[in-house]
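Common to both upcoming complexes is chain A, partnered first by chain B, then by chain C.
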Partner chain A sequence: MAVKKRDPFYLRLARGFNEYIRMFREGDLWTRLSYLIMGAGSLARGQIAKGLLFLGGEAAFIWFYAGFGWRYLKDFGTLGTNAQLRVWDEADEVFRRIPGDNSMLILLYSVLTLAAILPLVMLWKSNVRAAYKAQKLRESNKSLPGFLADAKTLLDNRFHMTLLSFPMITLALFTALPIVFMVLIAFTNFDKSHQPPGSLFGWVGLANMRNVVFSNPLYARSFGGILGWTFVWAVFATFSNYILGMILALMINKKGIKLKRMWRTIFVTTIAIPQFVSLMLVSKMFTDTGVVNVILQRLHIVSSPIPFLTDANWARFMVVMINIWVGIPYTMLMSTGILMNIPAELYESASIDGATPVQTFISITLPYMLFVTGPYLITTFVGNINNFNVIYLLTAGGPATLDYYQGGKTDLLVTWLYKLTVNEQNYSLASTIGIFIFVIVAALSLTVYNLTGSVKKEDQFS
Partner chain B sequence: MTNAEIYKPAGRSASIKSRERAANAAIYTVLSVMSLFWLLPVLWLLVSSFRGEPGAYTEYIMPKQWTLSNYTRLFTDTALFSFPRWYMNTLFVAVCSCAITTFLTLMVAYTYSRLRFRWRRGLMNISLVLGMFPGFMSMIAIYHFMKAIGLDQSLAALIMVYSGGAALGYYVAKGFFDTIPKALDEAATIDGCTRNGIFWKIILPSSLPIVAYTALTAFIAPWLDFIFVSVIMKDNYANYTVSVGLFRMIERENIYQYYTRFCAGAVLVAIPITLLFVKMQKYYVEGVTGGAVKG
Partner chain C sequence: MNVRKLTAIALAALITLGAASALADTVPLKVWGSQENQALLGELIEEFKAANPGVEWDISLGVVSEADAQTRYSEDPAAAADIFAFANDQLRTLVTSDSLSEIAGSRLEAVEAANTAGSVESATLDGVLYGFPMTADNGYFMYYDKSVFSEEDVLSLDRMLEVANAAGKKVFMDVSNGWYIASFFLGAGCTLDIGEDGKQICDFNNANGLAAAEAIRKFTADPAFMTGDDSVLQGGMGGSIAAGVSGTWNASAMEDKLGENYAAAPLPSFTCGGELKHMASFIGTKILGVNSLSDYVKEAMQLAEYLTNEASQLKFFEQRALGPTNIVAAANPAVQENIALAALSAQSAWGVSQKNVLNGYWGPAEAFGLEMENKSDADLQGLLDQLASQATQ
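Let's turn to the complex of A and B:
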């Protein structure tokens, strides 16, 4: 199927507007009234149930706005002005709390209230269309579909609405709106010293972004350092696992190697053990008094414990190594099947040409694997940028350093984000970091997404 | 044996053979050493879970006292760490979020794969963008939201968090649905089947592997997740799941007394996950390669 070139967003929007203006012009009194009082058109033409649904939707929206939403939305511009006060009550000899505004709730519910406009717009559009369609059908003396017939299309022509409505509501509530909320937090000063309701926070514009990039040297240094290590980590973690896992699979797959099943099972066993268990286990093995250091000392290989996880360079080396231990079996498992699919002729002609195994690997196996698993590789890379578990459970980002604001030498952006929120309650800084992570990940993914062209391939089966 | 090999000079063939043998020997050595590295921690976990002596390590490998008390005390000594409760919490959350997630994911995957409507491409793009934000970021907002409606530190909050993002994880299932021939749908439509009917009678029965894969991944997630639980539950020990619970056991102040019990608990968590993983291994491979194995 050829890929249709789509008009830009604003053109489609303008066309949509035009259509509603046209329908208004052509509409009779009831259709025009539907623009203001939803369901009027349907009610006037005898589609009572449908009309009542539209009307009910509008009423519910107004009730929600007037009764709940507006209380918060009106303070959206300032995020509240009166903090909660503690006043000494002479009579009872206690402090009394006088409730004030709560910036957090104002922001949270404002986002919710603003988002509620979206379903209203959708309902309004379908209300206008319904009114217009009913009018046209009446004018050409055709009978209108009853409510049941309309409802039935929800299982067929409009089945996508039935299927998507619930997932989209959960998506909106648990992913989209929280993200909007957090993005907004990045433009406020919500931190330890601005914790509502005791003290309010407000808008600060781009101050957080400026702080992270240059204004605040400590923040900027921490961000730069942690960002750098995040990339180094992601590159090493992704490619070490990828290459070594593939080599492992090749070794097991090699002709003449016996007990293939047994070898595979040995390595797969470690996947089956929950990752957090193996990570916690291994992290305890490598502490100063852990089993590895004890054995090394008893064998007189070292005289004092090796600071595996407490020295910056050692710790960075160890997290990559342990990640190899955790990750190789996955790559092994995945590449086994693909490797078997590589046409045998390629290898035969290579061996006739006298290629060494290394040459064969670099010029045949690797390109083939990269071709098939390109998207997987980028997902893994992104996954490693956000690899919370491995870092947090092994070193908790440590060893801590005064060079970084609340960060350690093995901290990734995402573990730093975690510490900033959970330990420091510095939400505004954390959100800013989150936005930067998003930008990095988005740039990476989009590049690869376009390179692999899976967008175009998607419709090949239709 | 092919002709080419018959006419090979004898000496050369022998050298190839011996080189082959040397290569295989090298591979066997590497594999054995690696197996050792990979299995030792697992064995260490098992052995420690039966060790009678407390502490994070012993100066010898095999324990002097073997005991089952690490396991029994997990279930009887519940004053500080109530392992059975955590286990049931996790099971409950896993079952609920598995049911919800599977349904949502399959519904969304079918819609994007089979139905064509105006906002399809737009919604898919939005999903793609939303998936690029670190999941942790939305969690903080969810935490505050739950707190505002009085649901923080509850298992319900966990279930909502785990299954709330289901609409984003449709890629594997959609990829699978895409490979089911559209001719099947068309034939069914001619027979008067609605799209609802097609979903239940044609698509779902022919994609049982992917249904299983979706359900198993959703079921396993709560057992492995660490970060969401620790943010949402804070210090509410009673509503912990196993991962955070076990983590508490080996914190500095508890590790000496609880290390062997931690190992026992870890074994108990690992058993169901291992069984499920063995079951879903082949789906896993299909999942990550997006069916590329089929060529």
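Let's turn to the complex of A and C:
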């Protein structure tokens, strides 16, 4: 079956509207009433349970809006104007607080309330359609399906709805809504001097975006610098682990290597210790007075401590190296399986042709691996762009620098964002940066993903 | 106006009634204190319960260090503790978010009468007292090894470095830390203040600041200079380190390491643009604040007052060697004889209140200190301009 090309969104929307206008024109009194009072059509035609469900849905929605949602939604435009009040309590000699508006709660619940319209629209549509369908069935003197029959379709030809409804609801509540909420913060001035409930924040439009891109030279410079290092880091961290892990796996797999299992186990032990424990220990080892420097000095290899983590270039080098140490075992394990799948005849013919091990690696192993692990590489790359653990636990973004606003030379965008949020309470700036990270990562991974061999030549595996 | 007042009073009365009726029930209170203070706080809370019968107290104790209180509070004010200890540099942020319940009326008079003027001032912002002063020791001074330095030596940084070099020892100071490095700038006459717009004012890039920066560069370049965190000082004191800038929390560790040679003094003077200037220091207090959103403000005040009274502060001194803010407790002979606290109180003559420092200062100051420790040859004026512009963002 050929895939039908879908019309653009607005055309489909217009057609949808037309459909409902047509049904209204053709509808009788009850069907038309259903447009206002949900479930009217179903009730009038004896589908009591169905009608009550529709009506109940509408009532619940109105109750939710009037009793809860509207209180917050009415202030959505300003995000609140009255901060909480203080009242002197003479008897107890304390000030008590009269709760006022809370910008954050207004924003949060407004998003929730606005989102609640979506299920209502869906319910309303199915209500109108049910009314219209019932009317038509009546007009042609056919019997209407009972409630049980309707419900049964959920286990039969509408089974996909039953299966997907729960994941969809949780996805919307716990993933989509928080994201919308946090994206909206980027358009406010929620920072250290606007902390509800004491002092409220409001909308500032695109000011934060402008600040990061050009208006505030310090922010712009910091963002550019940190973004640059983030990419350098992601490239080095991803490919160093990938290639070295693969070489390690090749070495262990090589014929003639004894005690293969032992080697593999030794390397995998780094996985056995929780990453944050080993990273924190390693960061202690490399301080100016840490074990490594003390040993080097005692052996008179260096006279003064090497600034492993306090010099920008050293620190950048060290985080990449230490990341190799903690990351290689994973690539090694993964590569081992794939390497064993490479047809041995390829290597045989290569050796007959007199290829060197390096040539074999570049012409056979690497292309094969890249073909199979292309998507894996992309996820690792994206994971490294947001590799909070390694950076934060090793250097906490340090060494601090005056070039960046509240940032350090090994800060990734994500650790910088963390600092801005936790130390500076600059939520709006952090949210803006979060949006930028998302745009960059999404654009990059989609483009690269579509260019990988595994996608373009899906059907030509091997 | 009148209507508003009336409603406010009516509301207050309602709340009071609500609180009064709740009195018969349990009073749940949550207290945040540092890990080190947990045992003592628990003990004091039990005493408080015994001293206030007739109420069903349900007091829970959580671990949040004084340094993290504001951060943890802002995560969810409504779920934060009713009473929490915080370092007074967080006062302004906490007041901006209206997080602290003001102390007023007879309670205010009592706190003002019982505590040293400086400690009350450190908990006061724009004329309003926002918490109960708890300990007056959030400052730093110089620990030194009596066998290396004489009492005269520790008066001057130059002299100390000379002596240390001759003895092959180190002088320790964590210069890559905004808290300690400010010592030079503030000593040289620079200021950290808050402007009317609520933003940080920092003039470290003026001529005085430049002179101070040159002094820092000279200090960090000296072979006897050593930096690091607390663990470095604790490990090296008495060994390679002969003197170190730190605070009272290290007193017992220093005493253990140095034994008979344990001594402490105010910070020394340093040569700044040809003149001799005394190193200043941040002087801060720890304050016990009451969450303004607490459902039991009155009871929380009662408990906070108890935890900071004379007897409690003496216990904090005896068990944790924390300096009292209570006038009577501070006059106690045992407190007076404490070497570290004596040095701290002598240093307080050059103390600068930390409540006028916003969070934005620490990062850039640390970055500047790091440049100095790494013996960067960058233009000092340029670095200071960056420091000042970042701190005042």
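The working rule: the second predicted complex is superposed on the first by the 431 of 462 C-alpha atoms of A that agree within 3 Å, B and C clash if a C-alpha of one lies under 4 Å from a C-alpha of the other, contacts with A are read in each partner's own complex, and residues count from 1 in each chain.
The rule we apply is simple: contacts are C-beta pairs under 8 Å (C-beta built on N, C-alpha and C of every residue); 3 or more make two chains touch, one makes a residue touch a chain.
This one's a predicted model, so the numbers in the text were calculated from it and none came from an experiment.
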Problem - Touched chain A residues, chain B compared with chain C - result: B
Practice task
For A:R97, decide between first (touching chain B), second (touching chain C), both and neither.
Solution key: second
Practice task
Could you say whether A:S431 touches chain B, chain C, both of them, or neither, answering first, second, both or neither?
Solution key: first
Practice task
Go through the superposed model and pick first if A:P167 touches only chain B, second if only chain C, both, or neither.
Solution key: first
Practice task
Mind working out whether A:P178 is in touch with chain B, chain C, both or neither, as first, second, both or neither?
Solution key: first
Practice task
Identify the partner contact of A:Y72: answer first if only chain B is touched, second if only chain C is, both if each is, neither if none is.
Solution key: neither
Exercise for the section: Identify the partner contact of A:V422: answer first if only chain B is touched, second if only chain C is, both if each is, neither if none is. Expected result: both
Exercise for the section: Report for A:T289: first if it touches chain B alone, second if chain C alone, otherwise both or neither. Expected result: both
Exercise for the section: Figure out whether A:L333 sits in contact with chain B (first) or chain C (second), or with both, or with neither. Expected result: first
Handout entry: Contacts on chain A seen with chain B and repeated with chain C across the two complexes
Key = 287, 289, 422
Practice task
Using the touch rule from the top, collect the residues of chain A that touch chain B in their complex.
Solution key: 6, 104-105, 108-109, 155-157, 159-160, 162-164, 166-168, 170-171, 173-179, 181-182, 185, 248, 251-252, 254, 256-257, 263, 266-278, 280-282, 284-285, 287, 289-291, 294, 298, 325, 329, 333-334, 336-338, 341, 372-373, 375-376, 382, 386, 388-389, 392-393, 414, 417-418, 421-422, 427, 430-431, 434, 437-438, 441-442, 445, 449, 458, 461-462
Exercise for the section: Over in the complex, which chain A residues touch chain C? Could you list them? Expected result: 83-89, 91-98, 192-193, 195-199, 218, 287-289, 307, 310-311, 398-403, 405-408, 419, 422-425
Exercise for the section: Name, in rising order, each residue of chain C that touches chain A in their complex. Expected result: 8-9, 11-12, 15-16, 19, 71, 74, 77, 93, 95-99, 101-102, 104-107, 176, 198, 227-228, 232, 235-236, 292-293, 297-298, 301, 358-360, 362-364, 366-368, 370-371, 373-374, 383, 386-387, 389-390, 393
Completion exercise
chain A partner, complex, touching residues on chain B are 20, 23-24, 27-28, 30-31, 34-35, 37-39, 41-42, 44-45, 56-57, 59, 104, 107-108, 110-111, 115, 117, 120-121, 123, 126-130, 132-142, 144-145, 148, 160-161, 163-168, 178-179, 181-182, 194-196, 199, 223-224, 226-227, 230-231, 243, 246-247, 250, 255, 259, 262-263, 266, 269-270, 273-274, 277-278, 281, 284-285, 288-290, 292-293, 295
